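Before anything else, here's the structure in question.
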Amino acid sequence: MALRVAVAGASGYAGGEVLRLLLGHPEVRIGAVTGNSNAGQRLGAVQPHLVPLAERVLEDTTPEVLAGHDVVFLALPHGQSAAVAERLGDGTLIVDCGADFRLRSAADWEKFYGSAHAGTWPYGLPELPGGREALRGARRIAVPGCYPTAVSLALYPAYAAGLAEPEAVVVAASGTSGAGKAPKPHLLGSEVMGSMSPYGVGGVHRHTPEMAQNLSAVAGHPVTVSFTPTLAPMPRGILATCSAKATPGVTAQTLRAAYEKALRDEPFVRLLPEGQWPSTAAVHGSNSALLQVAHDETADRIIAISAIDNLTKGTAGGAVQSMNIALGLPEELGLSTIGVAP
Amino acid sequence: MALRVAVAGASGYAGGEVLRLLLGHPEVRIGAVTGNSNAGQRLGAVQPHLVPLAERVLEDTTPEVLAGHDVVFLALPHGQSAAVAERLGDGTLIVDCGADFRLRSAADWEKFYGSAHAGTWPYGLPELPGGREALRGARRIAVPGCYPTAVSLALYPAYAAGLAEPEAVVVAASGTSGAGKAPKPHLLGSEVMGSMSPYGVGGVHRHTPEMAQNLSAVAGHPVTVSFTPTLAPMPRGILATCSAKATPGVTAQTLRAAYEKALRDEPFVRLLPEGQWPSTAAVHGSNSALLQVAHDETADRIIAISAIDNLTKGTAGGAVQSMNIALGLPEELGLSTIGVAP
Amino acid sequence: MALRVAVAGASGYAGGEVLRLLLGHPEVRIGAVTGNSNAGQRLGAVQPHLVPLAERVLEDTTPEVLAGHDVVFLALPHGQSAAVAERLGDGTLIVDCGADFRLRSAADWEKFYGSAHAGTWPYGLPELPGGREALRGARRIAVPGCYPTAVSLALYPAYAAGLAEPEAVVVAASGTSGAGKAPKPHLLGSEVMGSMSPYGVGGVHRHTPEMAQNLSAVAGHPVTVSFTPTLAPMPRGILATCSAKATPGVTAQTLRAAYEKALRDEPFVRLLPEGQWPSTAAVHGSNSALLQVAHDETADRIIAISAIDNLTKGTAGGAVQSMNIALGLPEELGLSTIGVAP
Amino acid sequence: MALRVAVAGASGYAGGEVLRLLLGHPEVRIGAVTGNSNAGQRLGAVQPHLVPLAERVLEDTTPEVLAGHDVVFLALPHGQSAAVAERLGDGTLIVDCGADFRLRSAADWEKFYGSAHAGTWPYGLPELPGGREALRGARRIAVPGCYPTAVSLALYPAYAAGLAEPEAVVVAASGTSGAGKAPKPHLLGSEVMGSMSPYGVGGVHRHTPEMAQNLSAVAGHPVTVSFTPTLAPMPRGILATCSAKATPGVTAQTLRAAYEKALRDEPFVRLLPEGQWPSTAAVHGSNSALLQVAHDETADRIIAISAIDNLTKGTAGGAVQSMNIALGLPEELGLSTIGVAP
């Protein structure tokens, strides 16, 4: 009894990664794959790594094409998901890799996206407290942003245990696939190889309110995040260096104990042994998040660092994991914790 | 009824890739994993991407530790396989990722390796004419070198069809993992990033006689290969640009027809549509070989280009594929044609 | 007595490199810098590495703007140089980094560029026999293509000495800046990092007839070149692996002697000591070409390998070197043989 | 009247960069170049980019060899400089690229380096308030660490103007050359390409007290720095993302005004125009530091980001700049603000 699954936006990086994972999912049969400007092209021409789908032809992204599937993954520019969802009806599980339904606060949405808020869907980060419950049986899923996934996983155990003061500082490095496949001069290989550069500095990156939303919910009080994203010379991966002032009495031992307790049963989040630090290479192509935490005694700050693959755990893997939960399938189905390294 | 499989040399790149693939093989249970200088360490400390095996401890590479397995993969420095194999006996399928048993010619072995020839085992490149027959039921397998895999796949259809003159010229670019994990100054990231450099120039690279052996067998007459390997700034992948003078009467059409015919039923070798050229990114972590071929009319040469992942199809994937054939399992079990891209 | 120099096409990679070198040239004062779509922008916005010119504003590329300079460098798309040159008159030295005036054969031009041949200018590769003489006092210079520079330097000593048969085989790897700054999907960092790929395979790359022209002139008889360019994951650099069947009687000794003799007095071409091979890292940002040569005895082929920086010796450095000669300045003025490594 | 200059540790990355810059310095003649394990080798074998010095032979690092020079640059492992300095006497200007004499606090030295404190030399960061005065006429110079250079330049204008609270948070990404040329497994190209990873987390990196020392001196009160270094997949460059809570009343305008005022006359530090952010590519091989600053209103934090080349402004360039000041030469002699990009 295979699920029939469509992917809208299959010519981009997020859509391609959804397809890569679905090809290895034992309960899935891939139905329509759609693009926009690429409609009519063979998938092999734009996603040559997806060899088994090379002869598939990209269709237009229309409700007609997407109808008749059990699950539809949307990997579209923001602002387009609501219209598609309306037409598909509740019989279809819609997993939106875009931003439209992530934020609870309409004011935040309007401030950061400059358009009307479309609403809020169940949030696809199962590891957050209550996260799995919110997804079971859901017919709509808002997949988190890649940075919020990395940051929320790194810091939620500290906030859940009351070990971190409410002002977090995050500097994260992302591979260039996070910036998408639309060609822009600053994303050329000639520009990014050998170069690190920041962007969206000063609290203006759209993932900022999503991080604050997640951590505030865990903490039970408002948490602000000062977030600086940087572009790193690698195609995939996020390394998020997250810190916050420690609450009184925190020690390396209480900190580690809190993380061990919070993460003990998580299938995709691994607290590394003491002294070992995560690298993005180790999670390349996998749905793992690798974590380590330290207490900077001089500055009295908690430093939590996570490494994820922005396209896998940060997008398509998180999406499939959430789909599994929503449909009552084993959470790990079709997903791997094993990175492709070196 | 799972096979119990050991991996000797599990702390290196080849051994790590064997383990990565075996973890996804449905008929395999991983037994002993051994190292040398790393014995006693957790595998997670040296192969952090192999999350499910992180708590495994590397054992010494001894016959005692390797005994009692159905299959033993050897990823050892050359010269060590014969002694291990002798002690294990014929009850164990031994898959040697090293060079010791690849060459048929003792003279070639002695010239290129400077030691006594250990012998010749069935050769793990199933795609060559007669390749699968030689592997069925084998208890010993010599896995081809990574460059010979890429080059033989690119050129054998031309030689099998009599379209190429017997002097081949090959220039191949390899990712740095092909040079192994032993730290050497010229392999430092600082040295290789942003740099292309040749090595083993002038016919002295040890993979040269292996290429000539394969192509000569296909052609039915001696073929020489002028081979220049280059080190490319990427961790994985081989792009092999292979050419030879065309025999009289060759056209683009006859050339393509020969390749289509030769590769039609190959599960892991894909001739790309006309006009599309392979890239190593598209086969990252996959067992695919992507091929394209052209006829340079002015120079009257056949140009055949292949892209493989040196660690997967070029080593560990080819090894697992050959194991499957030897044991009568479906050839594609545990292997993927899907790359991790971008 | 400084020369007043203009650069047309200053927002691209070639133009930017010309400016980088001119800023260090003691006899040059930089006049107009022009762009097209970028006209009106500060240069600092598009070439942030050229700090001393950050506040300069890009002007339109018109004859009026370019008039009144002693030297004008053109870094324009092909097909535009003739019109500009006509308007500037013979009082101005025009150094064309584009292709328009490189080829002597109108038939070759028409076959490879598909338009009418504009003519032939003195060719800016001083190292070729007679090269300097052709440039002295010239008012027009056609700067060679980056690949032809690398390949001609690698092979001309062999052809000049009659050591190579007339069919050359070249495989070259280029950094991505060779493909320019116009954003295209396949040039995105996400696509090129970790990937090698060929393009223009089968004798169709436009630099092919230019190589044949140079080597044929040196040899005194027609030489064909089977040329395969590949894109490497680095921003700069060309590694050209060039080979040809040796003529009868060639040995490693005669080969080396020929190269030593040919290159002895060249300020920018260095034959490395025996056993050392060139890397593109060592010439990063420099005007050096590093060479090594070997005789593959089994295949009886000459293997000559060169490394250059495609933007420096391959474009802007070669242009400045030729300008120096044309104007009677010391050939090395403003140019460095020192790479920026690691 | 050229200065005779020796470089000790010339086979490493810092020593190589010192030589690269000295080769372009009009007042310098290069004397002895020394190594340790590499003594006796041609410099061309270990630093192939330094073409003009290729035939120089590395000598032993002894007082005898280093004697008789006007200036000696030391690029040695820490702990070795004091002994060399004692033997050379006050007639020689010694510029130490190592850590031995950077810290004023013996307690900090002992805590972070675990050995006895050798002393404190004039500190080679001219841009700090009073920095130039301290260097004029100096016979001993302690070149700052690469990270402290990047961080101090980014934050000192804020602390000097009283705009930042005393707890700074720094996350910096460095190219791999910062980790040196001694081959270690985690520095292999195979490991670092495509990967970001942290190290020295939790306040234990040895550059931490140096940053605190510099910023505290500027602020006039103790400043703590929570510092997390990360290794980035590039050979060179540091991007330092530095932040601190703003003091009451700070606005984007007051912040920018303070930076403009502080940096107005600095030849090597450039505050970018509003809206433009630094990249390490733009300073590749140059002595420039590019800066930008923002006020995150929601978090009320100052975000200051600097990009430098860790080997140039971060080591050898800062060293030459300081030498120039010490000797009364023009500060910019032999140094460039122009990066090699792309």
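As written, the chain order gives the labels A, B, C and D, with residue 1 at the start of each chain.
Following the convention adopted for this analysis, contacts are C-beta pairs under 8 Å (C-beta built on N, C-alpha and C of every residue); 3 or more make two chains touch, one makes a residue touch a chain.
Source: prediction; values computed, not measured.
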item: Recurring contact interface, reference C-D, options B-D, B-C or A-B [over half identical by residue number]; value: A-B
item: Between A-B and A-D, the pair joined by more C-beta contacts; value: A-D
item: Rounded Å distance, chain A centre to chain C centre (Cα mean); value: 45
item: Whole-Å gap separating chain A and chain B, where each centre is the average of the chain's CA atoms; value: 35
item: Set of chain B residues in contact with two or more other chains; value: 13, 175, 177, 181, 188, 190-191, 193-194, 233-236, 278-279, 281-282, 284, 342
item: Contact graph of the chains (line, ring, star, complete, other); value: complete
item: Of all residues in chain D, those that touch chain A in their complex; value: 167, 169, 171, 173, 175, 188, 190-191, 193-199, 201-203, 208, 224-226, 228, 230, 232-237, 239, 241, 243, 277-282, 284, 292, 294-299, 301, 303, 305, 307, 342
item: In the complex with chain D, residue positions of chain B that touch it; value: 13, 175-177, 179, 181, 183-185, 187-194, 233-235
item: Contact footprint of chain C on chain D as seen in their complex; value: 13, 16, 20, 23-24, 42, 44-45, 47-52, 54, 177, 193-194, 235-236, 270, 272-273, 276, 278-279, 281-286, 288, 290, 336-342
